[in-house]
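By written order: A, B, C, D and E. Residues from 1 in each chain.
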Amino acid sequence: MNDPILRLEGVSKTFGGLNALTDVSFSLNEGEVVGLIGPNGAGKTTLVNVVTGNLRRSSGRIMFEGEDVGTQKPYQAARCGLARTFQIVQPFPQMTVLENVTAGSLFGGGAGSLGDARDKARESLEFVGLAPLADRPAANLALAARKRLELAKSLAMNPKVLMLDEVNAGLNSSEIDGALDLIRKIADRGVTVLIIEHLMKVVLSLSKRLLVLHHGQLIADGPSAEIVADERVIEAYLGQKFAARLKEMHHG
Amino acid sequence: QDAETIKIGAPLALTGGLADEGKKQDIVWKMWVEKVNDAGGLQVGDKKMKVELIEYDYQSEGQRAGQLAEKLINDDKVQFLFAPFGSGHTKIVAGVGERYQIPTIACVASSESVFDQSFKHLFGTLSPNGGMTTAMVKFFKEKFPETKTMAVLGRDDVFPKSMAEGIAKAAEAEGLTVAYKELYPVGTMDHAAALSSIKATNPDWIYVTGYTQDLILARKQMQDLGVTAPIVTMVTGPSYKEFTEGLGKLADGVTSSSWWHHATSYEGQGVWPTTAAFYEAFKAKTGGDPDYVHGSCAAAGEVIADAVKRTGSLDKAKVRDAIAATDIQTFYGPIKFGPNGMNLVRELPIIQVQDEDIKVLAPANIKNADMIAMPK
Amino acid sequence: MKPLTLYGSILVGLAVLATTPLYADNYVLRTAAMVAMYGALATSWNFIGGFTGYPSFSTAAFFGLGAYVGALCQRHGIPMVVSWGIATVAVAVFAALLGGIILRLRGHYFAIGSIAVVELCRLIVSSWSSLTGGGDGLNVPLIHASPEELMRFFLYVMLGILAASLVVTIIVDRSRLGFGLRCIHQNEDAAAMVGINTTAYKIAAYTLSAVFCATAGAAYASWTGYIDPTDSFQIVMTVKVTVMAILGGAGTIAGPALGAAAFVLLEEVFWANFIDWNRAILGVVIVLLIFFLPGGLLSLRTRLRRATGGAA
Amino acid sequence: MAIYFQTIANGLMLGALYACLAVGFSLVWGVLNVINMLHGSFIILGGYITYFAWHFYGIHPVAMLPVVAVLMFTLGFVLQRVAINRVVSAPVLTTLTLTFGLDMILYNVMTYWFTATPRRITLDLGAVNLGSVVLPVDRLLGTALALLLTFLLYAVMRGSNIGRAIVAVRMDRTAAELMGIRTDRIYAITFGIGALMAGVAGVVFAMVFPITTNVTGTWLGKAFVVCVVGGLGSVPGALVGGLVLGLVESFAGFWFGPQQAMTAGFVLMLILLLTRPTGLVGVKGYE
Amino acid sequence: MAEPLLSLEGVTAGYGQIQVLWGMDLVVYPGEVVALVGSNGAGKSTLLRTISGLLRPNSGSIRFDGANIGGERPDIALKAGIAHVPEGRRLFRGLTVRDNLMLGAYLRADKSEIARDLEWVFELFPILRERQRQDATTLSGGEQQMCAVGRGIMSRPRLLMIDELSLGLSPRMVEHLGEALIALNKAGQTILLVEQDVMTAFDLSHRAYIIENGRVARGGISAELAKDPTVSEAYLSI
């Protein structure tokens, strides 16, 4: 296999006295879809923030395409192909959906002119199925549409690695199916995807490999089926009842 | 040109920081205009012309003062300008007057820097500040020969600053030691730090300059912090009744210079032939005592009256030359402009608050009290 | 507004100001020049305050510094127009450096930081007497020309600055920069996430908000012939310019200049007619405008259109 | 040595007055997100009421405290209800413009009625000596009152239901409504408290400073600086900010001369803004 | 059955020009747990906002315990006995866990009873007792949700409405909260619940309503709905 596209080596992050991330190491291979799970407050969002430069890591190295990007600013991360969505969606509220995505293709996607950027934005709106809402102000969208807008925006930036922070939270089962298809299509384009999600259905159906964070430490990294059977993961995250349900589903 | 009236324009600070001073100018000019018009107007050649005074509030904002001067000249077609209070704003208005060749009479600007721009249409009724410093040092040294050291605290603004610097220079020239000399910026709310430092130098003479509200605060804080000296001068505090009213007993003993005092007894031409006549008229109108601002502003009117009378017409250039040649006696004292347009140096009164009343200590011909040491 | 209507209105507005010498006296010219000057200041402010949404109160600092740099250059014998250029460049550099520091602040804290800059400039200029004359102020060599010529000259100078600021506004509005600034206005974190170098963009906006103020300040100093710290660095001016831009419509292209015109003219009317109460009356007008036209004067158009049923 | 103690004393007494001046401003800004340009005029109005009560009726300023408190609270409450509430959720620049307009009105009314003449209450209570350090009695009294009022406000904000409600409204208006809190009323109460604190600061100031409309801008400026130094929206922040600013100005005045005293205050503020934007004690939410 | 505690008839509501609810009818009886499920943007949160008075209904009636509360301010609804735990928890930053809980009892004056209820919340969620001095927004997501529910309980409501119980919570945390809700209901608390995870919703509730496009599409006993093939096709597609 090739070199990993993204590799974390002993990354830590502290907030005052709190260790949000402790010595986290793992790597993502190009084209992989990996799930990141862990209890609330385990440090998942923090991890994304550190990778994209929204937060500065306290120690460790973050290697992207063979270069240490640990001191990058968010805009530099975006331009070099590290895209992310926000757990709490962050649109430009007064702008239209199209303008929102245009911002992505213009600044992050390296479009040469406003016109090019707009064309590219239309494309990615088409791709996520938001084209009919292109002229609506982003503030008026319902939650599901906003999450899709986030997706369209990050797609317009030509990402190499896409980190999705709970893009499916708050969607119901059938909407989730739509979202799953979309994420698969993105992965099929060769984009490396890191999914953070509490909905095990989503995580399990998309990723063959799982990472588990607990109290800021990476406690497991491996094939999905093994991870969900891991006692530590059940104890810390899944809970006995849910684990039982999962097992049942596998057998049934 | 409207041949019926003589129009005088005045941009005034009727609101904002200088409102009080502006109002003083306003009241005196109105008194003067009323008096002139009651007598039928000013003599111009063989006819009498009424005077019209046009005032605008420039809100103590320099920019606007210049703008309103321009409005007065263009829209209202005034033939003369009265400059507003203070050296800075006078400069701005005078600049406009100069450009339009409209004679501008400054009655409350005493810094030479205002008059050193070779403006040909600016004339000031106050005498140069210089006359206030050396004479004062000499006078105090004579009255209190043991005076050796002094402390100076001045407001960083045109007039107060030049007085602070002037007095320090004069004092050193006369052999005094200036143990403390600092300026405080406009907007200072507290003088404790400066006063504590002054206290540590234990001077024989404390000299503070500033506007009334600064001086009231400084005097009060001196009292609070136990800072005192045999001589305490606050320029131009006691010239204003607001100062004595605001301080009450605390004002006692404070000395100052002034350009004019109503205890003087000048006489001459104009609507008020003597100082006493002006004093009475003012008292009748307002119930209070006039200060130098009132006196100087009223005298500015007399300058115009005299010039148009001598010219016999309203011809711009002639009137300007006539003003430049002014040499008159008035209730305010003699007025005769030097080459830079300022009233000539004369002996200026040194005043002191005694029993909450203003007394004149010098010059000898008008003095009505002896200098006392600052009460402890 | 459609671009053509917009450009048309701007040209008409400028033409109205530019033709005043044909029929009006110097005082009207002066008022027109004031409209142009404040229009330029408000249009400048719009880059940082309107487009970027950073509540900047630095206007008076840039204006005052421009005035001082210009005046000092002229006193050292540098020709007037060159002095204005030097003042503009110097203040732009100053703003860029300063921006690098204080633009790290957001929201309220930025507002305070930027207002402190005005006070600090005033205090420094005022205490650096050896260079600036301190509280005495500075005289600028008077221009020898008839009042009419002079007035016309400065009217066109101020109009030129206004026009330049409007042209730059239009260019910025249609460019990457403008788009990025609007993104920052809406959501700065998200803006960084789509790849906008927010720091550089904000500094650019802050610098743009300074250049025209500096030119205007320098020209103003030459015009009045005398400047001092209190009048050059006025908090009131800073707040006024902001208020003008908001009254006209912050973030729009022509709004700030329109607001400035409305404000200056209203002030004029009230000052001339209500000596004792002009300030209060202007206050009432501002309050009413905020109540009934919170989006600024330009929003009146949209409202009228809605009221008349969509016909534009 | 003595001069150092004197400088410290001067700084602390001045600082307490600064704290008193800023606390209401800070509260209104922190809670309502309104930069209240009226604050300086409110202080002066409180001062004028006190002055005239003393001048015409001989009422001691301290006795005026409750009266001014009630009057100013009412004024603030009503003003918020009828005017500011209409735009209270608008961006900060809009509310600033509104209070700027209101201030023009109030300022004009005050200068018209009271003129710009500086007025002073000539109680002149003298001074007490503590060793070589001189402590003016009226400043001591002002300091005591300032501290007392600040602590009172702190106690109210910390311990009472209203205090909790004020913080809650500040943090999340909708959620506060869900607690049964009537947010418009809390806004009005907060603005009322802000005006009240300004008013009582005016009472204290009337004993110490000459009262004139000329200084409204200066005092407003001080309130800004104190807020930043201490931390926006916080009562203890205003206290710490005031004291620190008082000390800094006092020492800068002593060491570098009065011309640098104010500059030092602003420099301190800028440094803090850049290094600790939440102020010296404004770490968490606003108490 | 007994008199309904809450009943809505033909309620319409929206935001400005946008109408969201198009004639809602539903009832909640005392002692029940009722779940609202439905796709995104269907109007579930809007419905809760309308009931708790954050939003004015345009038409229709909202009766609570016989009295009409439609269009009243939130404090009136709360006084009547309706507590609303909003989407996204919305705890007050800068206030401790305890202060947050106390704000739930803002309208109450009965001090000793408040203390008793606080004790009861701590029993229900022991972790909150441990963390009572901590700034509420530094809690983990699940703890925050407990605090928000506890804050709702503190008003001693007769109807507790919870929006998006499980949003963003780990499976284990959902399980834990579910247990707590059942305990609460056993103690007599009536609950109206909005939940995206239909399986969890049906598990926890007695009855459920399916909301689509601002209208009630179906309603019924949860256990029966769970078995209904059309429902599982639309909402439980595993």
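To be clear about the criterion, a contact is a pair of C-beta atoms (placed from the backbone, for glycine too) under 8 Å apart; a residue touches a chain by one contact, two chains touch by 3 or more.
Protein names from UniProt, one per chain: A, E = ABC transporter ATP-binding protein; C, D = Branched-chain amino acid ABC transporter permease.
The model shown is predicted, which means the values in this text are computed figures rather than measured ones.
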item: Chains touching both subunit B and subunit D, listed by label; value: C
item: Subunit C reached from subunit B - shortest hop count over touching chains; value: 1
item: Chain pair with more C-beta contacts, C-D versus D-E; value: C-D
item: Centre-of-Cα separation between subunit B and subunit A, whole angstrom; value: 75
item: Subunit C-subunit D separation of Cα centroids, rounded to whole Å; value: 31
item: CA centroid of subunit A to CA centroid of subunit E, Å; value: 30
item: Multi-partner residues of subunit A (each touching 2 or more other chains); value: none
item: Per-residue multi-chain contacts in subunit E, two or more chains; value: none
item: Two or more partner chains touched - positions in subunit B; value: 15, 156, 183, 185
item: Complete list of chain pairs which touch one another; value: A-C, A-E, B-C, B-D, C-D, D-E
item: Residues of subunit C defined as touching subunit D within the complex; value: 49, 55, 101-102, 104-105, 107-109, 111-113, 115-116, 119-120, 123-124, 126-127, 235-236, 239, 242-243, 246-247, 250, 276-280, 282-287, 290-291, 294
item: Subunit C-touching residues of subunit D, taken from the complex the two chains share; value: 29, 35, 37, 83, 86-87, 90, 92-94, 96-98, 100-105, 107-109, 112, 217, 221, 224-225, 227-228, 232, 259-260, 262-263, 266-267, 269-270, 273-274, 277
item: Subunit E residues touching subunit A - in the complex, by the definition given at the top; value: 18, 37-41, 139-143, 164, 167-176, 196-198, 234-238
item: Residues of subunit A that touch subunit C when the two form their complex; value: 52, 54, 73-76, 78-79, 83-84, 86, 90-95, 102-104, 106-109, 114, 153, 157
item: Touch list for subunit D against partner subunit E, complex; value: 161, 164-165, 167-168, 171-172, 174-182, 284-287
